[in-house]
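One chain, subunit A, links the two complexes that follow: it is found with subunit B in the first and with subunit C in the second.
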Partner chain A sequence: MAYSMPHAQPVPNRDRLAVVLGIVATILLLTALLLMNRLESRYAFITLGAFVAVSAVFLAITYSKRPYIAFVFPAVVIYTMFVIFPAGAAFRYSLYNWTGLGPATDFIGFANYTEILRDAQFRGALWNNVQLFLAIFVIQNVIGLPIALALDTKLRGHEFYRSALFLPVIVSLVATAYIWQIILGPNIGMLNPLLEKIGQPDLQRDWLANTFLTFKLIWIVQAWQHIGVPIVIYLAGLQSVPTDLKDSARVDGANGWQVFKGVTFPMLAPAFTIVTISTFIGMFRAFDIPYVLGGPGGAPDGTTDVLSLVIYREAFGLGGIVGTQYRQGYAVAAGVVMFAFLIVAVSVQAVFLRRREVAM
Partner chain B sequence: MTTGSIGVETIPQPQKRAGRSVKATLVRLVIHALLILAVIFALLPVVLAFLASFKSLFDFYDNPLGLPATWEWQNYTSVWREAHIASYARNSAIVTFISVPLIVMLSCLAGYGLTRYHFRFSRTIYLYFLAGLLIPIQLTILPSLLQMKALYLVNTHAGLITLYTALGLPFSVFLMAGFMNSMPGELAEAARLDGAGELRAFWDVVVPLTKPALATVAILNGVTIWNEFFLALILSPGTPTLQVGINNLRGYYSTEWGYIFAGVMVAALPVILAYILLTKQFIRGLTAGALKG
Partner chain C sequence: MEDQHKSLISRRSLLGTAGVAAGAGVAATVAGVSAAPDSTTPFFQLNQEATKLTFWGQFPELLDPFKAVMADFNAAHPDVQIDVEMTTNDQYKTKIQSALNVGSGPDLYMVPAQPEMNNYVDAGTLVDLTGKVDLSQVVDVAVDAVTIDGKIWASPSGRYTVGICYHRNLFEEAGVTAEPTTWEEFRAAMQQLLDAGITPYSIAAKDGSLTYFNYIGLASSVLGAEGFEQLLAGERKLTDEDLVAVVQEMRDWVPFYQQNFLGTPYAEAKALFATGKTAMMDCGSADLSGYYDIDPDAQLGFFYWPAVDADHSQVTNTGMSVMYGVNPTIDESKMDAALTFLNWVATPDGAQSMNRNIKLLPVVDGVEPEGDPILTVMVNSPLDIPVWYERWPTLNIGTVWTTDGNSAFDTDNPPDEFAAKLQASVDEQLANTAMITPAF
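Then we have the complex of A and B:
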């Protein structure tokens, strides 16, 4: 049994002091956060300093009786300050017509949101994110899953195959986008000279400036970078499929496909859930590859636009210069919509896929 | 099951006794051929970019498909000196090697505090951390930028370190808490009964036992932070990390592709080398990262 302390103890005075200090520390932290967001640096620094001092005394008093507070406290404070608070502030900023310079004052209610709903570029980008997800979903199940099945047979060299196929996962997305220039790029791409060489010069294209093809090529680049993850997760899932279950199905006269459909695939359901949801989140947050291959404008003609690029453009324009006047309130509202969409979509998927897991 | 027949395990085909071994061998060969094709697809772009980083500009146009005619090591030395790649690499290294120990330390402490002591709000705080997994960086980036401006942390290492640490915490706490839960608690208990203080027991007993989880957390966050682009681009264009730096190379050398690829390789090779040395740990760490969500 873990260490536990009854809550009611003697020495009530010290307890009471600790509670008071805890409350004071919380108030100081919140004040500091509010001051930070109003860009009032000096007061923010002062209150932050006071917060650190008060919480140090608070921790010193509570440490002997409730050591867990000291263990959890630093992580909770940093996480609250720099993740939770900005997330909360985002909701507030989304209600303002805010350029990003100075505090937000021009309150416009839900106007940003109604504009987003009518915004063609937002809808276009959202649809591109959907396509991106569907493409990767298909690729990882049509190509990734069979590869995992093949590797699961422990054929010779399976560890080498797995390591090699996983390698692109660790290559950064910016580097990935550059690396693919060597194949697709207009000046240095090898695909066009190769087509020339094999006598198909008619197939030569400017691969990265084609309103139809470029986005499909971004799917392929994204899949190239990503597919190691589904392969490894499916492999881990397959290792939990008991061999005797497959064997007995086989003895009953099932062929390979029937064994897969009746035994292996249902057992893979948890892995399938994880892979699908993580791909979904990843593809809806996609930024780097479209940014480097298509530019912040989603070139050509917005055909490679995704939600993150819309947010980036509204906040910083095409040049990406911090501090110039842009519509940051609108960008934040777009971020909120994206967040809401992610939560709803992921919960729906989770419920749906879990139900399927149980049903099978 | 004998090794010889394992190859046909999952291949959709009727089981016919006669000629099975010939068929099995054939099937195995086809599988190997397809896997080799997949491996070539996975590795070729990286290899080609590596070769390209040694090419001269003339080579790119004269001989696009072949090996470099002369190996231009000078691409690396030039890009290292002229294009500030050295300082980008320094920025990346500083940010990564300070954030990762911070995340490891904070998440290990929090994971321990949340799982080894059952106090009134432990479950709530755990869920509070989990909520962070759903927050996309696109939502928080602008308020974060404002915060960083107020703290004078824009374009500083400290700013990036602070945000990477905070953003790495939710998932790392989740991993650490999961690991600590599966660990027997008696050992730390025993150390405490021997008169060791709470922190002493934690440091001497718990930390050594959690090494595998610490490695997972470190690798996952290390690779993520080294490769991160969006946040670094917005928060710290003045102290660019390697990812932001190589993105800028295109403006710096408009067509000197040999230099550009040398820069890209400087950004990619450290992680690739670490991966080759610690393949298993990397795969474990980054697959754990896929659960994020």
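Then we have the complex of A and C:
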């Protein structure tokens, strides 16, 4: 295409100016956020105004050669404002002995982090999160995948079943927890009277105060709440498996199990990756259901404690009934550790599962 | 092509010019807005008939009673109106902290008791009221509660006392004719109730709330005032034999608690007692109005924590429940109105209003609690010891009961193991004294 113009050639000065303006805009944005963080609102907004002005010039200069920057720029700014900067600020707070009130002034370095490493309740909660993930992972694949396979056969009423199974996903987590509390509760619960009615009084338990059972019940409630998601993901994966591949396998004499093992399951590898990683993240973020069913202290005796509960308890206390100490600096440090753990664990999973996808 | 190029230049120029204009506009507007209040405030004030203040508290269930208090105040001071906003207990601290940290929030707010109050003072989120409020009529324990480093930081207007509430009709039904005064009498009374087919005691172990109060009540009866001071000084230990006996005593009461008490949260335990399904429950003065709301004909009685034996005194535990503080970001023009209110609540009129509407025990000398005779019984406690969470060394005892409280009732573990956990929390607090405000 004969599109030659003097301005189409690189203009080094303009590029240099763009780089300088980009750097100035970044500095102005970070300065504005820092000023906001220090409640210097007037100076923060003035700096923000300067940032908008410099950014506009920057975008005007870069638009002709790199128009994509104009499209990416707003997202980068928003991401910086609401993710990168708060994460950096959180890390700063984690280095202080801070109650959450007023400015953080008592700098203690990495003392919060070293305490976390020694903290038995943190380790116990982390192990509970791991158990929760493993349990839900198994339930989703042992129960969720066969259900998805069944629904994929377009059995009679499959649309109803699909909707019914997905319904708990859209129910609020807190509502779910209260529904189950009404079922399992020691005084208002329906399960114990039901067991009595059906002549099984020996099976009655204090379901929410049993150091062995309560956390397992939380697994079940979590699974009940979330199982619709893997079913839908697997179903989508199944619908993308070419029918002719399965037919070819059958023509070659493969039985149903062999078709599943040799054709369907390998083709589901991307769905498996998504389900595994989203379950991992979801189970490490679990809060509402353990909070309602186990209470803020992870009752009984910390057996239902999860990382989010530990962080909440340290940051905001126990609800004010019995008095408590607020350690938001410590809570933020625990949050940072959890974040780092998730980044590493999810990255390892992603690499492993991607390799598995390729291998299959 | 030339046209396209011109068009490109034009769009770019337009984008740049618009951006610069927008940036300048944002800066100029904000600078202008920031300066605006000074010029508009006098006009705004001229149009106000009464100074309006905002107040945040943490008892949604007491919203109407608090509004009634504000109405009493407004009747005495028509030039000041106070809007009340309540948030649930577990959300309140998050909300007020977030607001105070960014320099906003209400004019007046409910301040937590010490030692948490120190955090608010250290953070500069309370106005120093020294010399601005007259607390000369307020009882010493309440003045102490709002004094840090010799300065006054809030106006106290209500305290609560915790002991045991009971249904008098259920006691009569079981033939319990006298209120128990010792542990032994208490056990006997509970056995009588049980024999009569009545569940003797409502307790919440799931969140550790009522087991905690039970523990501090019984342990206070062992310690007495002097022993409690020794505990705070590290001279007494919760692992001492007579205090380990408290954990054992609570275990001995298990047959008298409602079924499945380990899984029962506070609200359910309270509901069981309020509806007469149990005969007794740990109970504070602030709980009474809630019980009468559920059953206006409830025949409630109250007695002090039973003494370990006849040689010891019965006790109650008392804490501060309502203390009004001033947000430093309050508009200067509202300060006088805020101080008028804070001074009013520290007068007999204010104390009576708080007592009449919110059923809190008055903190003003000579003001007898009105209404329910139970409040008078509470005020006349033979020995009153602070609730333990208002003292730094014992602050986290409640946390142990919440996170590990069920093990107190695990018969596989000796009671001294749980007592050791409680003492460990005290030791940790005593070791951390240097990290907190010099007031401790």
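Throughout what follows, the second predicted complex is superposed on the first by the 278 of 360 C-alpha atoms of A that agree within 3 Å, B and C clash if a C-alpha of one lies under 4 Å from a C-alpha of the other, contacts with A are read in each partner's own complex, and residues count from 1 in each chain.
The rule is simple: a contact is a pair of C-beta atoms (placed from the backbone, for glycine too) under 8 Å apart; a residue touches a chain by one contact, two chains touch by 3 or more.
Every value quoted in this text rests on a predicted model; they were computed, and no experiment measured them.
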Partner chain(s) touched by A:215 [first = subunit B, second = subunit C, both, neither]: neither
Contacts of A:183 with subunit B and subunit C, given as first, second, both or neither: first
Which superposed partner A:316 touches (first subunit B, second subunit C, both, neither): both
Subunit B versus subunit C as contact partner of A:97, first or second or both or neither: second
Touching partner for A:346 - first (subunit B), second (subunit C), both, neither: first
Residue contacts on subunit A - larger count, subunit B or subunit C: B
First (subunit B), second (subunit C), both or neither touched by A:302: second
Touched partner set for A:51, first subunit B, second subunit C, both or neither: second
Set of subunit A residues, in rising order, touched by both subunit B and subunit C: 3, 7, 39, 41, 45, 63, 70, 100, 187-188, 316, 320, 322
Complex contacts: residues of subunit C adjacent to subunit A: 1, 5, 8, 11-13, 15-16, 18-20, 22-28, 30-31, 34, 58, 89-90, 92-94, 97, 100-103, 116, 119-120, 122-125, 205-209, 212-213, 258-266, 268, 271-272, 387-390, 395-399, 401-407, 435
List of subunit A residues in touch with subunit B within their complex: 1-4, 7, 33, 35-41, 44-45, 63, 66-72, 74-76, 78-79, 81-87, 89-90, 93, 100, 143, 147, 149-157, 161-175, 178-180, 182-183, 187-190, 193-194, 197, 224, 228-229, 232-233, 236, 243, 246-247, 250, 255-257, 259-260, 264, 274-275, 277-278, 280-281, 284-285, 287-288, 291-292, 307-308, 311-312, 315-316, 320, 322, 328, 331-332, 335-336, 338-339, 342-343, 346
For the subunit B and subunit A complex, residues of the former touching the latter: 1, 6-15, 28, 31-32, 34-35, 38-39, 41-43, 45-46, 48-49, 52, 60, 64-65, 106-107, 109-110, 112-120, 122, 125, 128-129, 131-132, 134-147, 149-152, 154, 162-163, 165-167, 169-170, 173, 185, 189, 192, 198-199, 202, 223, 226-227, 229-230, 233-234, 237, 243, 246-247, 255, 257, 260-261, 264, 267-268, 271-272, 275, 279, 282-283, 286-287, 290-293
Subunit A to subunit C touching residues, read off their complex: 3, 5, 7, 39, 41-42, 45-46, 48-57, 59-61, 63-64, 70, 97, 99-103, 106, 121, 185-188, 192, 206-211, 214, 295-302, 305, 313, 316-326
